[in-house]
Structures are given as C-alpha cells and as structure tokens.
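Two complexes come next, and they have one chain in common, chain A, joined by chain B in the first and chain C in the second.
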Partner chain A sequence: MTNYIIRRLLLVPVLLIGVTLIIFGMLQLLGPVERSALYVRDFPKNEKQIEGLIRKYGLDKSFFEQYWRWLNGVIDPGSGERQGGILYGDFGYSRTASQPVVDLVKERFPNTVDLALWTVYPMLSVGVWLGVKAAVNQNKFIDQAARMYSIIGTSFPTFVFGLLILMLLYAKLGWFMPGKMSDWVSKLIFSGQLKQYTHLLTIDALLNLRFDVFWDAMRHMIMPIITLSYINWATFVRVTRSSMLETLRQDYVVTARAKGLKENDVINKHARPNAMLPVVTMAGGSIVGLLGGVVITETVFNYPGIGKASADAAANLDVVTILGLAIFSGTILILSNLIVDIVYAFIDPRVRLA
Partner chain B sequence: MTENNISPTGDNRLLAETHSTRKIGWLERTVGPDNYRILKGLVKTPASIIGMILIFIFILIAIFAPVIAPPVGNDPYKMPRDGFVGEPKAPGSPWKRNVPEIPFWYKTVTGNEKWEHLLGTAQGQYDIFYGIVWGTRTAFKTGFIVVVATVLIGVILGSIAAYYGGAVDNVIMRITDIFMTLPYIMMALIFSAVLTPILGRSLLPPLIAMIAFGWMGYARIIRSDILSIKERDYVLAAKASGLKNGRILFKHILPNAIFPTLVLASLGIGDVVLGFAALSFLGIGTEVGYADWGQVLSFARNWITSLDKYWYIVVYPGVTLTLFVMGWNLVGDAMRDVLDPRMRGKS
Partner chain C sequence: MAEKILDVQGLETQFKTPDGIVHAVNGVSITLDEGETLGLVGESGCGKSVSMLSILRLIQSPPGQIVAGKAFFKGKDLLAMSNEEIRQVRGGQISMIFQDPMTSLNPVMNIGKQMAEPMLLHLGITPKEARERSIKLLESVGIPRAGERLKDYPHQYSGGMRQRVMIAMALSCNPQILIADEPTTALDVTIQAQIVDLVIRLRQELGMAIIWITHDLGVAASIANRIAVMYGGFIIEEASVRELYAHPTHPYTLGLLNSLPQIQRKGRQRLYSIEGMPPILLQTPRACPFAPRCRWVREKCWQQNPMLESIGDNHKVACWVDTTTGSER
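Right, the complex of A and B next:
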C-alpha cells in the first residue's frame, strides 16, 4: 500500500509540470503586449513602454527561461518586490473581474464547492438505484426505460436541458431562480450579520441557524443540481447496470441463491457491493469534474462559480484570467484524482498490486 | 475456407455438413468477416435503425439546404435578419426585410403565398428556421473536420507508441495521460479564447481547440488494438523478410487494426457537434449571425426571465441539436455492444 501511494505521489509533479507546460505553451502563442498583463495592471500605451516591459520581464527570452520566470516571478530591481510567479500564488490581474485572479478564485471557488456538495448525493443515489433496478429486471419495462433514458440523457445537451428547466421552473412557475442569492441575503452578508465560517453559503446559513437564508440558497441551487444530476445519471445508470449484470452471472451469486437466501439479500448483500467497483471509479471522476468547474451549467444558471468565471473571461478574451483559472482547476483535478486513486486502492486490492 | 476443400478423401461433403456453408456476399468478402459483423451490427437493433434514419434525415437537410431555405445575400452561412429589433418574434409572423425567394415546396406545405418566420425569430430578428437548416451543414462540417483530424493524430501517436514500445511508448502515453487530466470543455474554451485574437472570429479557433484536446481516446484505442496484432504471424513474417518498420506499421498492421477505431470515430461526430455547440453557446467561435445551432441557442441567454413567452427560441434549435446527437448515440450504443471484446465470436 505504502509503495502504491509513493508511486502515485511521484506522478503528481510530472502531471503538474505537464499541465503548466501545456497552459504556458498556449500563452506563448500571444504577443508580448498581451503577456505583459501577467505583470502589470495597465496595458502599455506606447512602443517605448512595451519595449521597457519586454526587457524588464524578459518576454523575448527562450521558452524555458520564460517558463521559469512565469513560475517563479521576477524580482523588481527597483523595489525588490516579486512580481508574477504562479508558484507564489500570483496569477496576474483579471481585467474582466477587476481584481487579482487569486482573489477571483477565493471568491468563486467556495460557490463551486457548495454546488458540488449538494449535487453528489442525488447524483449518486438515484443513478445507482436506477442502474441496479434495471439490471435486476433485465429486459423488463423498467430496464428498457432506463436504457432509453441513458441514451436520451447523454444526447440532451446540458445547456438545452438547463434552458428548458429555466423556462419551466423559473419563467413559468417562478419556484426557483438563477444566480446565487437574493439581494437581502447579500445585504446580510455585507453587513456582517451572517458570520462566514466556511464561505459555503448553505453551511454558513446552517451554522448561523438562519434557515431562511439556507432556503434562499437552496432555491437558487436546485436548478443547477437537477441539471447536473440529470446529465450524470445517464452515465451512472449505464455503468451500474452493466456492472450489476456482470456480477449477477458470477458463481457466488448462484451459490447464494442455491442456499436459499431471499432474493433481496442476494441482490443487496452479495451482488450489489461487488458491482460497485466501476461505479466508484466513475463517481470519483464525476465528483472531481464537479470541483474542476462546471462551465456550461454555471453559465446557464448564472451561478458565480469557477466555471462561470472562466466562461466570462473566455467570452471577453481575457487570457490572463482564463489561464490562471485553468491552472487552478488543473491543480484541483490532479490533487483530487490523487485522493480518488488512493481511496480506490483501499477498496480494491487489485489496484495497488498491479 | 480453402482448408476445408482439401480433405484426405477428396470428398468434402462431410465437412460441408459440419461447417456452415452460408453464402458470402461481396461486402463481406471486401471488408473481411470481423468487420462485416461490425457493419451488420449497425442495422441490427431497432434503436440503431432509428439512429440511422435520424442521421439520414439530417444528411438530406444538409444536402438540400439551398432548396429548403434559399440563401439571402452572398454568404449562405450568414443568417438573414428581418430588421434589428431585439425582441424575438413568434412563429408565423410575416417576413418583411431580406425575404428569401419562395422555393417550390413552400405553397403546398404551408399554404401561404409569402414567406413567414416558420419557427419564429431569435433576438436581433435572425430567422430560426434558416439557422436550423444551414446549421445542419455547419454541424456536419465541424463534426467531420474534427473527427478526421483527431483520428489522424490519435492513430499516428497511438501506433508509434504501440509499435516501438519501451521509452517511446512511455513518453507518448504519459503525454496522453496529462492531456486527459484536463477537463475537455474548459480546455477547449480556453484554447479557442487564446486563438481568437490571433485567427479572428471564425470556425477555426474552436475547431483547432477541439482537435488539440480530442485525440487522446483514439490514441489509446489504436494502441491497444495494435499491441494485440503486432505479435501475429504475418507481422513476424514481414519483419523476417526485412521490411522497414514504417512499411510494416502502415501496410501490414494498421489496415488490420484500424476498422473498429474508424467506426467508433465516425460515431463521435455527435459528441463533437455537441461540444462545438456548447462553445458557441458560451460565446466563443463564429461571428454573431453565423448559422450554427449553439449560436441560435445562445440568443436565449438574454431572455431567461421570459422564456415561457419566447419558448420557440429554445425548443426548436434545442430539439434539433438533441435529435442530431441522439441519432449518433443510438447507433453508437449498438456499436459498443458489437465491438465489446466479450461479444467476439457471437453474431
């Protein structure tokens, strides 16, 4: 086990270097003027300023030298201050959000986590339940319906589904709304009446015992939760169903039936736990995906998370911001994948022995 | 089959009884029995037949686009605008400015003398019907280009990795892993945003971005297929006769390994079109007014408070896109069963 974890940990720096190289490679496609935005807030106005910036920050040096400067920053000879340097958490200044990219991440990432937190349970439970039901009743009505649904579900574009949900639940019925919170909640937070322990709005609301705030947060989150669950259910149903069918054919299931166990026990105690391995892998991937930013869902519902921030920056061609966000999401993905792999090795011994 | 004819007695009636003597058609003879089984799987289940029909209808729409929705002006991919009012107009409202010619089918089908906005207009008076019809061409174009390019990159990298093995394999597959770590839509979004200032607003930035982050799956599939084929006798024979590596790889191994990948890849068109529409929906890619489904849908983003009134700006283009993707997914689902290695030998 230790061996496996060490091997897996050694892979992390390789992945991180690879991901930063890809993102830096994209940055290098741009001219020095755009790239100077990594170090200065104001766009250079004349030729002389541009030349000065190129010299100062070495924007004309070789690829790897610039890569190093990008990682490590440049020490300003005048003031002795470090400028830039993603290793020191300076991702540059976001023009579209009018704040440093780091602050943008600090403001938006809790919202993405909040949404992921409330999506995981409905996403997993319903998907797995339907998949198991379909497999147990193979070729019966519920199975056909589940298979049909998993094809339609994967064909339904997230944003079309999201717009239809908005049309029905917001424009028509007015039950739920897009965005993150109502005005009175943001006033409450601004005035400091709602203490922010975790910066996750739903959790903070519960800790402050403000159930009205919690309900308001939920009314804003239910539509993205439905959309994300719906989109993911399709894949979960498919994977659970085929894994469960495979397991039901195993000898130990036949044995369990032969010794006269109740069908419910055979399915719930013998077959289902063993069919869960591929589902766990999938679930890990999906949760990691939720944390990495759900660009389309957040944009459709105007939900201010990391994904929406990237989409806004991309639509305004604010390269510094999107690349900063990309590095952040990439790092989150690599680290959470690491956790998923280690957890998986605990569950399935075959993984760590391979 | 030649073995069966040579029996010790010179009489092969006995063998004919034990071996099936079904007729082998020209198609099976050209593509080989394994690949023939795959092709047959395309039309086996009702679901895949519905999928084929959907795809066929979209192909017809794409081919006959100029007849279905006659273009106005020089560039058929520019959606004609009936004025500049922001508010969408309902289906059936009369078309006043930039009216297209009336095609021969129009009077019989609609019973109208003049063009009206059959499916309404989106924000800025872009005709939705026109956008859907010409958007079909855009969809096939983008799908085809991205699939061909990603398969090409995937096949080249995957086959080099599998054939040479060792360090080469390791380096290529680790690069593939790194690309796979990154979230697809986000990276495609970022890369097209980086490319747009350089290449201008057109189809190119999203296409290049989707190619750059879309080849990894194919590289993995072709690699594993080649690994299983590379130790076959005819490859060893080719090696023994002193052929060059490149020739063995491209003349002897690839033709025998590539067919499943090609089938899977061609069904990937649905996913590509979905991704492209998502990028356009987010406001990346083509200039405003270009006939593509994602763009028509993106107009709806400004009207979410009154979507119940303007339902047609979501429903018509949304259903079109969903049916298109579903067509490919229905066929793809049947294909996955056929290509599943556990199913080999059962037909």
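Right, the complex of A and C next:
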C-alpha cells in the first residue's frame, strides 16, 4: 500500500511538468508582444520600448529557453530583482482583478472550496442512494422516475436551471440570495471581529461560534448547491444504477443469497461495494470540476470563486490570468486523480496488492 | 430404506425473454434419501442448474419464475415458505457450491469475513468462534496456514483453492444437503480429482446428502449412488450408478455414454457424437424433446411426450421405445 502511494506520488512532478509544457506551448501561439504581458504590468505604447521588452525577456529566443525563463524568471540587470518565474510563485499580474494572479487565487479559491465542501455530500449521498434504489427496483416506479430524472438532468442546461432557481428562490420568494455574503458580514470580516482561521467562510463562522454568520453564508450558497447537485445527480444516478445492475448479476451475489443473507445485506455488503468503483472515478472527476471552478454556476449566482474569475478573465482576453488559472486547475486535477487512485486502493484489494 | 430428505414434485421453471417464454424446467420430480449422493447429469442448458436453483428459490426473478411444483424438505414445502423461512434453510440446512470459483467469491471482501457470514447467521456463534471454526474448516479442506490466509482476498487464492474455500463455507453450518452445481467444471483435471476426493472424504465425515450437478459422466460415476439424466428440462432416465452404466436405456443416455472417449478404443476411430442440436425451449413441449435427434424415433414420439416410468429395480426411463429390443413399449 505504501509502495503504491509512493509510486503515485513520484508521478506527480512529471505530470506537472507536462501540464506546464502544454500550457506554455499554447502561449507560443501568441506573438512576442502579447507574451511580454507575463512580465510587465503596463504595456508600453512606444514601439522602441516594446522592442526593448522583447529583447530583455528573451521573447524571441527558442521555445525551451523561453520555457525556462518562464519557470525561473528573469533577473533585471539594473535592479537585480527577479521578474516573472512561476517556480518562485510569480504568475504575473491580473488586469481584470487588479492584483497578482497568486493573490487572486488565494482570495477566490477558499470560496470555491467552501462551495465544493457543501456540495459534495448531498451530491454523492443522494446520487448513489437513488442509483442503488433504482437498480434494486429495476423497471419499477422508482427506477423509471430515476431514469427520467437523469435524462432531464443531463439535457436541461445548468444556466437555464440556475436562472429558474434564481427567479423562484431569490426574485419571487426572497429566501436566498446570490453573491457570497451580506454587507454586515463583510464589515465584520474587514474589522477583524470574525477571525479567519481557514478563510472558508462557513467553517470560520462555526469556529467563531457565529451561527448568524454561518446561516448568512448558507443562504448565499444554497442556490448554487441545488444547481450543482441537480446537474451531478443525473450522472451519478445513471452510473450507479448501471454499475449496480451489472454487479447484481454476478455469481458472488448468488453466493451471498445462497448463504441465507438478508436481501439488504446482500445489496449493501456484497453488491454495492463492488459497484462503487466506476462511481469513485466519476466522483473524482466531479470534485475536480467543483474545485477547478464551476464557471457557469458561479457566474449565474455571482459567486466569487475561481470559476467566476476565469469567466471574467476570458471575457476580457486577460491571457495572464487565464494561464495562471489553467495551471492551477491542472494541478488540482493531478492531485484529485492521485486521491481517487488512493481511494480505489482502499476499496479494491486487487489494486492495493497488485 | 433411508428417510427421504428431499422430495421434489413436478417442478416447473420458466424465464420470460423478449423472444418468448423459455421452458427451462418442465415438471422435474426427484427424491433424495438421507446421506445419499445423487448425480444430476445432462448437457448445458438442459435445466440441471435451474432446477436446483429453483429449489432454493435463487432464480433471478424477473425474468425467472417457478410456475408449478412442490419441494418438500423434511416435510416442509420450500417453494411455499416465507422469505424469512427460506433464508434460514439457505446456507444452513441446504447449502450450495457453484461452478466458477473465480467469480463466486466477493472480490472486495476478505475470505475470513465471507466464511464467517453464514456461521454468524445460522449457528448463533460469536465472531471469534466463527473465526476459529473457519480456520478448522479451511484446514480440513486442505488450505495450509489457514489462520494467516483468512485475511487474504479471493484473488490471492488459486481456482482450486477458491473452490475449497467455497466447499468449506458451504459445509460450515453442517448442512443436511449440499448442492454442488458443476463444482469441477471450471477446474483443470488434476484439481477436479482432488475436489471430488475431498467431497467424498467430507461426506464420510459429515454424512450429508449431496446433489452433484455435472455434465461429466465420469465424475458422476465416481461420486454418486444414483444418477438422474436430464434433457430439455425433463428427467429422462434415473437409476443407480451400477444399473445406469450397465444397462443404459434411453436413447440420449446411450448416446452420452457412447460419446465418452475410451482408452481401449483402437485406431483412428472418430469419437461418437449425437446428431443435431439441443432443443430450443421456447415452445411448450408436447413431443418427446429428444425426438428430433433420436435414431429410434416413432410416430408416437412426435405426438406425446413419454412419462418417466419404472422399468425395473430402481430404474426409471421416459421413452416409448425399448432400446434393447427396438420395439414399442
């Protein structure tokens, strides 16, 4: 088991290098002038100055030389300061957010994590539960209903569903609202009365024992949670159901029945654990999606997470921000896959001991 | 005469498929005495496994359905029991081992847990006692270092070992009947012999009755006291082992025995085979199911399906023709 995890961990840096190479490769599709945005905040108008920039940062050099400069940064011969260099945490300056990309991620990522945290549980538990129920009662009412739902869920787009939710629960009923927090909460944070231990608003609220703040945060998150669950349930129900149907036909399920086990135990102890493997893969993908930023949902509900930041950057052709966020999402993807692999090993002894 | 422990009468099982109703078992009647071993022989798809699965109500439903029949186990009809009652019988008094040991064990649960399950359920013992008993059982079926191997998973066992585990598990609650559904088919020949020897030894020690389903007449002869031959969902001949091999009567049984390879056969003689294909079980059979492939076929065979009738001591056959003389019965 330890060996397995170490082998997986050793792969991580290799994958990261691959991700940066591909993203940097895409950057080469731009001209040298646009690429200089990686190193400077303000774009000079003067042609001579631009020429100077290109020479200074080696933007006319070979691909690998540029890649290395991008990773390692360039030391300004005049001031001796390092400029750029993602290895040193400098991902450039985000024009749209008016702050360095790193700070943008630091500010927005906790919000995305906060949302993901409260979405994962309802998403997985209800999706899997309904999928198992549907498979066990194949062709009965609950199965038909679950299948119908999964078709609607996959074909009815998020932004339409999100807008409907927004119209109903915010505009009409006024129960919940878009955004991240009410003004009084942001004042509370700004004045330092709410200590930020984790930067996740809901968790911090609980740690400060401020249940009114927690409730305010929840009221802002419930609509995106509903929307994300709605869209993910559809796929989870479908995958769980088909995997479960497959498993229920296996010989060891007959063996379990022949032992005299109760039908509930046959399903929960023998069939379901075996049916979970494809679901875990799917769950990994969904969690990556949630952490990498749910662009549409965050935009519809004006939720200030990574997804909204990406959408804003893309709308303003802010190359630097998009690049930084792409590398960030890539890293999240690699780490999540690592976690999925490890969870796999816990579920399936054949992986663990191979 | 020994007490009848199992008395199956007129068992019929059907499967609903998109092509129509498959008549898998068409009125099978079988008895089993205490401590007796019955060999249930027939080709693939003739209803051997389905009839035995039906007795324990392990048929997947839908599409399967038991439409008629009774199965008395110690005087109680298994087919009329409540779900709760039949669960008490399954794995406790009647247990089963299956054809493919590679897929019959749960791949994500360790052997110890799987072994303990029926014991905890039927014997009312503690997990610790179940563990100790598992070790004893595994040792008795010839698994070395059983204590350590309890925490191993099925994929760490070979095919033969897994079948031994299945056997140990099936015998863990001292069943009165063991139903073995082609337990040696998926194993290679040397392992087959080991498994048969193991079951024979355990039968002597524990004295349970056995129904041994197989399509291998050699294996059936080595383990059974009595053999029932099935074809197309019917039992077409039933006799003691000695009688059946000495005086096979039904044309199908004759064909089966002739198609066994024999070591004293000389030259480049081709192995005998029965002409034609096994029946498709979609229509309700009115004619004798073997009629299309039979050398002795008569007009009568197409009109009426013969019943299983006694033709001598412990010998029953379902055929209109007396194959020893070639005349109609």
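Here are a few things to note about the model shown:
Criterion: the second predicted complex is superposed on the first by the 340 of 354 C-alpha atoms of A that agree within 3 Å, B and C clash if a C-alpha of one lies under 4 Å from a C-alpha of the other, contacts with A are read in each partner's own complex, and residues count from 1 in each chain.
Rule of thumb we're sticking to: contacts are C-beta pairs under 8 Å (C-beta built on N, C-alpha and C of every residue); 3 or more make two chains touch, one makes a residue touch a chain.
Keep in mind it's a predicted model, so treat the numbers as computed, not measured.
Contact with chain B, but none with chain C, is seen for A:319 once the two complexes are overlaid on the shared chain. Using the contact criterion defined above for the overlaid structures, shared-chain residue A:347 touches chain C, although it does not reach chain B. More residues of chain A lie in touch with B than with the remaining chain of the pair chain B and chain C. Contact with neither chain B nor chain C is seen for A:240 once the two complexes are overlaid on the shared chain. Of the two partner chains, chain B is the only one touched by A:307; chain C is not.
In the superposition on chain A, A:270 contacts chain C only, with no contact to chain B. No residue of chain A touches both chain B in one complex and chain C in the other.
Every residue of chain C that touches chain A in the complex is listed here, in rising order: 53, 56, 58, 60, 62, 83, 87-92, 95-96, 98, 100, 103-110, 117-118, 121-122, 153, 155-156, 166, 169. Residues 14-15, 18-19, 22-23, 26-27, 29-30, 34, 151-152, 154-160, 163-164, 166-168, 170-172, 178, 289, 292-293, 295-296, 299-300, 302, 307, 310-311, 313-315, 317-319, 322-323, 326, 329-330, 333-334, 337 of chain A are the ones that touch chain B when the two sit in their complex.
Put simply, chain A touches chain C in their complex at residues 139, 249-252, 254-263, 269-270, 273-274, 347-350, 353. Taken together, the chain B residues at the contact with chain A in this complex read 47, 174-175, 177-179, 181-183, 185-187, 189-198, 270, 274, 277-278, 281-284, 297, 300-301, 304-309, 311, 314-315, 318, 321-322, 325-326, 329-330, 333.
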